[in-house]
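To keep things simple, chains are lettered A, B and C as they appear, and every chain counts its residues starting from 1.
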Amino acid sequence: MNHNNQYVNKTFLYVVLSIGVIVSILPFYWMTVGSTLPSGKIFSVPPTFLPGNHLLENAKTLNESLDFLKIMWNTLFISVTYTVISVLISAMAGYAFAKFEFKGKSAMFFIILCTLMIPFQVMLIPLFEIVVALDWLNTYQAIILPTLASPFAIFLMRQNMLSVPLSIIESARIDGAGEFKIFFSIVLPTMKPALAAVAIFSFMSQWNSLLWPLITLNSKDMFTLPVALSSLVGLARIDYGQLMLGTTLSIIPVLIFFLIFQKHFISGILGGSVKE
Amino acid sequence: MKRMLMLVFILGIVLAGCSNKSSGGGADLDSDEIAGEITVWGWDVAAATFKESVEKFNEKYPDVKVTVEEFGSGDLYEKLTVGLVSRGSGLPDVVLMEDERIPGYVSQFPEGFLDLSEMGYDKHDDLFNDAKIQNVVQDGKMVAAPWDIGPAGMFYRVDIFEEAGVSADDIETWDDFLEAGIQVKEKTGTKMLPIDISNYDGVFQMMMQQQGLSYFDEDGEFAFETDEAKRSMEMIKKFHENDIILNNSGWDGIVTATVNGDVATVPYGVWYTGTIMDQAPDLEGKWDMFYLPAFEEGGNRYANVGGSSLLIPSYTDNKNAAYAFTEFFTTDDDTQLLGFEKYGLFPSLKSTYDSEILTQESAYFNNKPVFKNFADIVDDVPQINLTKDYAKASKIMSNTQAAILLEDKPVDQALSDAKKQLENEMKK
Amino acid sequence: MKKNNSTIKHNKLINPKTAPYYFLAPSVVLLVIFTLYPVISSFILSFQGMSGVDKYFVGFDNYIRLFKDPIFYKSLVNTFQILIVQVPIMLSLAILIAVGLNSSLIKFHGFFRVAYFLPAITALVAASIIFMVILDSNYGVANYLLSLVGIDPIDWLNDPFWAKVSIIVVMTWRWTGYNMVIFLAGLQTIPKDLYEAASIDGAGKVKQFFFITIPQLKPVFIFTVVMSTIGTLQLFDEAYILTTGGPNNATMTITLYLYETGFKYFEFGYASALAYVLVVIIAIISWVQMKVVGDS
């Protein structure tokens, strides 16, 4: 009886969880199928559930409306540059907070924690004014710089840096190593999981970011993927085939990356708040 | 320290790499030579017309390289405004703009656009009708060159009307239209007209214009609480109560409804002929048009929907090429007729009205001379006062329409709230 | 500086005393320019009006206008309606899936976790676009599936009520897996013997869930509630793509309204006032949530 009961429970669990999985994945399937169909077929009753042969035509129209390769490149360049610098400077700041005593430390840390609570929207308009004053509209730095120093990343790095034993730092100093050498060749290598988490978090937030690029980019050749996709949605007659293809293409790189590094990825997107 | 310097160095490179902004080919302004690269922004079929006519433009101006970029019109305005605020970043050399938007932009950015008469465009004044010229002249400056106009009419499905036993000739007033709509719905199950209830108040605008008003009267006072506004809204409400409106979503929704035969009529500007023919080739012979119904027998049946013009942002590096483009595209008969023939963009250039394309009977439209019908009324459309607050007023009115139809808000109250809200928003 | 001593060879410029300043410099400089200055500037802006490019002080006019602005109230109400419905649904789903996945009866944990997490790597723009197609009123697959079970088509994106539901659907799809993984990690920290002891005392699975799992997950729970709340209060992408705030502002959110005021109509002063009200609201809510969840 008990055994039977367990069997029922097990089946029930599998069924429920599988339904959930289907709901999770079906939209991706729909999107992928959509990218192989002509616009009209995506909206037909009954719907077409199997891939069509319109992929190349969709690619052609997509590339006519937007220089898609350039847009991919923009997004990639911005996201990678942002990630590398952001990880580096937040690790440096986190290290300073975790392993040094200095004047104004607690006050500074407190202020940084406070800015964690301030929504980006508050800074939107003055940032726009800064960018206009510097004549930075339609530039990469306009997208990269404003959120480059992330209080969240600094906080996270500081928490992780706390675990670095002071003794190894001290002994390196006694051996005559400079402070930056200690940081780069002794401290950073022990921080790989945390660095990976912050890197993925930064990369994803930049890759997916819409609001700020939407405001600072008005020239098509500088668009990022989210801005480009939203401009396709805005067109008078939406070509859903090209839209679905564009959307699929914007997800694929991240998807591949995710499937390979899924463990790091999950903890990264969760902002390192969950240790694997 | 070395590492630090390295970092600064890398940052430097990144920043330097970032700042290679695209700059247009700068032609010498004093020279008569017309060459270089220009970018043109437009939307939808107008952008398509530009693209197709570039070849002919290049026959005359072989050294100008034209890049046409298509945007959704909402997107285009936002990006244009951002560019103007930043005094030129990312702006095109020529931009298409709906006429009703011109006063708003000119008042917000008085220095934003070139005065075309300074470049000699005023010699073309006589080529266009007065109402259109009035739209492009702001504060004595001719800021735009007339592109298309949109005399409005009621497109209808001949076959559906026949099946329902309704005759287009009998529809003279909006009340007649309502009755016909009810009958069409009863007999065929088809709804009478599409309205994107929460996003587009076009039917309301047409009704107002027939009565000589925009959202404002000729003195620029709010027209929200006038009897004209009230009876227009009441009429739309009656349409909704009798379930003859198809609440479509956006432009795409109207097109889909038209193609699928989900509506019996579409009240729109003449340029919609292009879309119908293009998107629903199977329905040849099944469409026709009549003039908009009036509010009382013998009342005015004419209005204008849409219509746009070309402007040159004053930040262009290539004034001469931009002007050459603007002048060519707005005064060349063939280009205007190409836009019309392929996409239904109705020329504002009067010399085209006698052309065969515009006077012939159309096989698609029940063998009627529909385009001539529209050309005939161009001078009879009442002039209305477009003001700088048009865009805001239009948004508020769409929302008001939604509140009345979808949330059962009483017409009087909704209109008076709309007025209050517009007043609140205009108070800066 | 207690450990500092003279035996360490001092670099003239960089020594343990000065090093932290070098390490902090890039972040601090950036934060001052791109965070601190804007926060202050925005506060000043909220008391200013603009004509053309000229700014002038208007006192509390922007705030007064704000408290008379029906769209502001509507965006506030919308945001809270979405918040109150969406966050509990999403977190309940997330917690249930997490408990299911944590069960010893289940194999393929890795597969399930990846599958559920997949939506969380999708850009909000992409998610919104996919659902825009799925939820199309006339020809979307959602209505087609409903029609198979005899339900009339729903005007998802054009009806004030259903437009909100649509936004909630997208948000739930996008974020449930994300929160589920957080809960799952939380669940794995709960000592097994707690459940064993409860089983011996005769407590059923349901009872165990409410009396062991939920209380043990409290810190994780607070974290997800606060994060989801802050996220919802900043809702922008979904509304911008799916409904552009319509119909009749039924899905207008505070951030979308701020964007429109700021960058469609270029009323910087008014938009800044909106932003500051948002800050106050987020601060109050976070505080209340910490208080409420923390005390009970």
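Everything below uses one rule, namely that contacts are C-beta pairs under 8 Å (C-beta built on N, C-alpha and C of every residue); 3 or more make two chains touch, one makes a residue touch a chain.
Everything numeric in this text was worked out from a predicted model, so none of it was measured.
Asks: How would one label the connectivity among the chains shown: line, ring, star, complete, or other?
Replies: complete
Asks: Could you tell me which two chains share the largest number of C-beta contact pairs?
Replies: A-C
Asks: Take the average of all CA coordinates in subunit A, do the same for subunit B, and state the distance between these two points in whole angstrom.
Replies: Subunit A and subunit B have C-alpha centres separated by 39 Å.
Asks: Just the number, please: Cα centre separation of subunit A and subunit C in whole Å.
Replies: Subunit A and subunit C have C-alpha centres separated by 15 Å.
Asks: If a residue has to touch 2 or more other chains to count, which residues of subunit A qualify?
Replies: 43, 178, 180, 215, 230, 233, in rising order.
Asks: Return the residues of subunit B touching two or more other chains; collapse runs of consecutive numbers into ranges.
Replies: Within subunit B, residues 1, 4, 7, 74, 78, 82, 85, 256 contact more than one other chain.
Asks: Residues of subunit C touching 2+ other chains?
Replies: Residues 11, 14, 22, 26, 136, 138-139, 263.
Asks: Quick check on the complex: what are the subunit A residues that touch subunit B?
Replies: 43, 65, 81, 85, 88, 131-132, 135, 137-141, 144, 178, 180-181, 184, 215-222, 230-231, 233-238
Asks: For the complex, which residues does subunit B have touching subunit A?
Replies: 1-4, 7, 11, 14-15, 17-19, 21-22, 43-45, 69-75, 78-80, 82-83, 85-87, 89-91, 251-252, 255-256
Asks: Can you name the residues of subunit B that touch subunit C in the complex?
Replies: 1, 4, 7, 74, 77-78, 81-82, 85, 108-110, 196-199, 247, 249, 253, 256-257, 262, 392, 398-399, 402-403, 406-407, 417, 421, 424-425, 427-428
Asks: Inside the complex, what are the residues of subunit C that reach subunit A?
Replies: 1, 3, 7-9, 11, 14-17, 19-24, 26-28, 30-31, 33-39, 41-42, 45, 97, 100-101, 103, 105-106, 112-127, 129-134, 136, 138-141, 144, 173, 177-178, 181-182, 185, 223, 230, 233-234, 236-237, 240-241, 254-255, 258-259, 262-263, 268, 271-272, 275-276, 278-279, 282-283, 286
Asks: Looking at the complex, which residues from subunit C come into contact with subunit B?
Replies: 11, 13-14, 22, 26, 49-53, 65, 68-71, 136-139, 155, 157-160, 244, 246-250, 263-267
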